[in-house]
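Labels run A, B, C and D following the written order; every chain starts at residue 1.
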Amino acid sequence: MPLSEAVAELVHDGDTVALEGFTHLIPVAAGREIIRQRRRDLTLVRMTPDIVYDEMIGAGCARKLIFSWGGNPGVGSLHRFRDAIENAWPAPLEVEEHSHAGMANRYVAAASGLPFALLRGYSGTDLVGQSPSIRSVTCPFTGERLAAVSALAIDTTIIHAQQADRDGNVQMWGIVGIQKEAVLAARRALVTVEEVVDELSPVPGAVVLPSWAVTAVAEVPGGAHPSYAHGYSERDNGYYVSWDAISRDRERFTEWLGREVLGAGTS
Amino acid sequence: MPLSEAVAELVHDGDTVALEGFTHLIPVAAGREIIRQRRRDLTLVRMTPDIVYDEMIGAGCARKLIFSWGGNPGVGSLHRFRDAIENAWPAPLEVEEHSHAGMANRYVAAASGLPFALLRGYSGTDLVGQSPSIRSVTCPFTGERLAAVSALAIDTTIIHAQQADRDGNVQMWGIVGIQKEAVLAARRALVTVEEVVDELSPVPGAVVLPSWAVTAVAEVPGGAHPSYAHGYSERDNGYYVSWDAISRDRERFTEWLGREVLGAGTS
Amino acid sequence: MTIADVTSDEMMAVTAARSLRDGAVCFVGIGKPSTAANLARRTHAPNLVLIYESGTLGAKPDRLPLSIGDGVLAETADAVIGIPEVFNYWLQAGRVDVGFLGGAQLDRYANINTTVIGSYDHAKVRLPGAGGAPEIAASCGEVLIVMNQSLRSFVERVDFVTSVGFGRGPGDRERLGLRGRGPVKVISDLGVLEPDPRTCELVLTGLHPGVRVEDVRAATGWPLRVAPDPAVTDPPTDTELTVLRELVATLESP
Amino acid sequence: MTIADVTSDEMMAVTAARSLRDGAVCFVGIGKPSTAANLARRTHAPNLVLIYESGTLGAKPDRLPLSIGDGVLAETADAVIGIPEVFNYWLQAGRVDVGFLGGAQLDRYANINTTVIGSYDHAKVRLPGAGGAPEIAASCGEVLIVMNQSLRSFVERVDFVTSVGFGRGPGDRERLGLRGRGPVKVISDLGVLEPDPRTCELVLTGLHPGVRVEDVRAATGWPLRVAPDPAVTDPPTDTELTVLRELVATLESP
């Protein structure tokens, strides 16, 4: 299915959407398609929002962000993310933040059909007071108090993987992060892939998602750039560095967005 | 390390011991070494106790069994297990039983350093009344009641894997079951392997346990027989069938045990 | 061929296979369920997805596996996953459409006992126990039960509730928080029973060829309700029987 | 070479590297921690086990990774695992000996802020947030903190407690159920601070070459306690400096 069609069908204004990827396999092309289709009021979910979420926030797609670490890895701040929170530009951005451990377990709970997950976490931090999705529970065996985090309720998860076969079975390898849980946590899942192959040949360390657990697959070679796809491409570190200057200034960002995203055709 | 030495060092009378394996990679040789060393009062833990636990129970090693399904797969009853429960021969056997889902989550809780795990399970069954390790907890977000199972506290876990390298890193593949969690749930872990290799070459679907998560490795080719090691051996289905007749009768079992296990030298 | 050539195991396997719709995701145990599921996959349901609790998603065995952990399952699966994931991510999360169960005892509300005959503390017969059954019964979209019917197995009250069918009747599944619909069909060697939508009690709705209502009543430990006119199961087609026997022939051991 | 040639970043990296004992299991973040850990692995601690939160157990990068998810980490790791497993099976279960932390603000009890400068609802500066830090601070056997020292960063009270050091003092970690020992050393560009075993307050115990106690006091936002006679950090050896500079040279971007 073409990416534009998949996004039109699976992402609606007001949806809670997770574009996951842990440095590796970030579904950047899909995020830009969401910008082009001018989606609004999205609740964006991701452990490590980076450039693609900075773009979506700057473009005004997001009403809320649920995350655990928001930065430009190895470079510095996400300026659009900061501008939205510090100055409500282009729109106010509500945030719900967690630790990585908490976010990971919120995905796991949803993927498991449970309303919440347990962890040893948050104790003594100011994060507890800031998020209604962090509470506590007492162990019925030992009496210990543990942190409880609510399951993430996601409408659509989008990930990027190396391969899918013609039946829609998906295979990804290298750093696989939280993507499997993110897909299983959502009501709908879109996977963009580097390549559609006749048959998946097993790869060491690969995670395979059966076709019946995925709503749609779109072939988007290079769809993770400037992040990378292990075995297909290298991370474009220069791009992350250059993003700092592009995103720092509203005018320059707006001009860039018009030229590079809104102006560009659909993948 | 020789198997006899490893068992002498890592398994003591009264310990809680898990020899895990889900049809595939069952550490049978290690179980027989435990019988030869005449360990007593063990609490044996396993989701699917089969022939090797039938032998250990019949040999009088066990005081208690924690399990979720005890049978001779595709054949029928475990006669030594039944004789111990029904007639206290050779000794009474206390049982603590769960569903597979419950046992799996008890291993996960222990592997995660949590005192308990949550699941949707047991509701309406008579299992609840029989086990102190099944309670319930209320979701602090939705108010739903869910089953809570206590973490398994295991002294020593023993598994069988295909390979280890000279540093003691372990690799297993094929049906990997619950072995990783069982190892991480225990204070000590012994892994018997088909083969020690200079370097592990990655295999699709493999689970790798780093050397620092394993206490000891013993090279025991064929150590899973009559179960199998994917890529090394086939399951000896005839053996499982023949076990029915051997184990059905106390005298015949005792004679078999003396000849085949106690009489046999250390692997 | 005549129906006389057909064994009751074959009749059960064929009837069970026919109950599986193509494309369904099916949680399979070894024995009759595995036989039925693989028969369906080779006849009317080529896209049936088989999940074995050993962790094989989408296994496509070319022969009947001899055990739940048979190597052929891993070799032919779309993915092999760990046990916690099987039960948490796939079964508990409600991704399985159909589950198969059998047992030593069944009651009129399709509750099943696979734990013990007699009292728990003084077992007459100690059975294997729960395995995956309680959560299969709780979380699969629907459950098919396959077991031989006799006064010893179809009882007024099971000695131990290992897996819940409809508990003590209407509303119990909801009250217990069981998310699947529960048992939709019991396939025995004599016929087919289905729960009454109103009372949840099992009602005889089908008879295998040559079986009479009184035969089934005589093999049922409670006053069995019978549908107005129970359908007679179509005998196995030549294809069904041929494929089934080829499959069973691949088993070298019980 | 003279100490003048050594940058403060290099001094911090070398001091941090020396704090890592061979064979330890170390949870590593990108930046200074990764540099220090890889320096240690190439000098006195060849058997240091590096875990990156992206899921690489036992990574052995031949160059400094540019990001937490750099491909070189997966290629050289003993095992690559999913994120939930990293935090649940390895970090939370207490299998990590040493964790590294940095931050925008640190207080006298080694509590760290990486969330916000100013009030949470009216942020003066919105920082990246928690990442893995809160649970690293809670569950690692011990924690090393590496950060530049100034009145803006070493403050009387952090604006937001993202990661707990010693809370408000003795007994707080136990009361909060934090299982690791907590911070054992703060390595700054000026020297080394260690918690007083009795009061848990950070005390200046080491000075980098050429730095005076009053320099450190002037860069500390609370009345700094100083050990009887703070040790002067040994300057980097030629080997340390050579290896460090080779490593850093492998970074083509910040």
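One rule holds in what follows: a residue touches a chain if its C-beta (ideal position, glycine included) is under 8 Å from a C-beta of that chain, and two chains touch if they have at least 3 such contacts.
Keep in mind the model is a prediction, meaning the values are calculated, not measured.
S.K.: Hey, which pair has more contacts between C-betas, A-D or A-C?
M.R.: A-D
S.K.: Calculate how many whole Å lie between the centre of chain B and the centre of chain D, each centre taken as the average of the chain's C-alpha atoms.
M.R.: About 41 Å, centre to centre.
S.K.: I'd like the Å distance between the centres of chain A and chain D, where a centre is the mean of that chain's Cα atoms.
M.R.: Chain A and chain D have C-alpha centres separated by 28 Å.
S.K.: What positions in chain A touch 2 or more of the other chains?
M.R.: In chain A, residues 113-114, 119-120, 144, 181, 205 touch at least two other chains, as defined above.
S.K.: If I count partner chains per residue in chain D, which residues reach a count of at least 2?
M.R.: 88, 92, 139, 179
S.K.: Of all possible chain pairs, which ones touch?
M.R.: A-B, A-C, A-D, B-C, B-D
S.K.: Please output the residues of chain A touching chain B within their complex, sorted ascending.
M.R.: Going through chain A, the ones touching chain B are 113-120, 133, 135-137, 139-142, 144, 146, 148, 150, 202-206.
S.K.: Tell me, which parts of chain B touch chain C in their complex?
M.R.: Going by the criterion above, the answer is residues 22-24, 47-48, 67-71, 73-75, 77-78, 81-82, 85-86, 97-101, 104-105, 107-108, 119-127, 130, 144-145, 174-178, 180-181, 205, 207, 228, 230, 234-235, 237-238, 240-241.
S.K.: Would you tell me which residues of chain C are touching chain A in their complex?
M.R.: 25, 49, 57-58, 78-79, 88-89, 92-95, 139, 179
S.K.: How about chain D: which of its residues touch chain A in the complex?
M.R.: 30-31, 53-56, 66-71, 73-74, 80, 82-84, 86-88, 91-92, 115, 120, 123-126, 128-135, 138-139, 160-164, 167, 172, 176-179, 252-254
S.K.: Help me check something: in the complex, which residues belonging to chain A touch chain C?
M.R.: 111-114, 169, 181, 184, 208-210, 212-213
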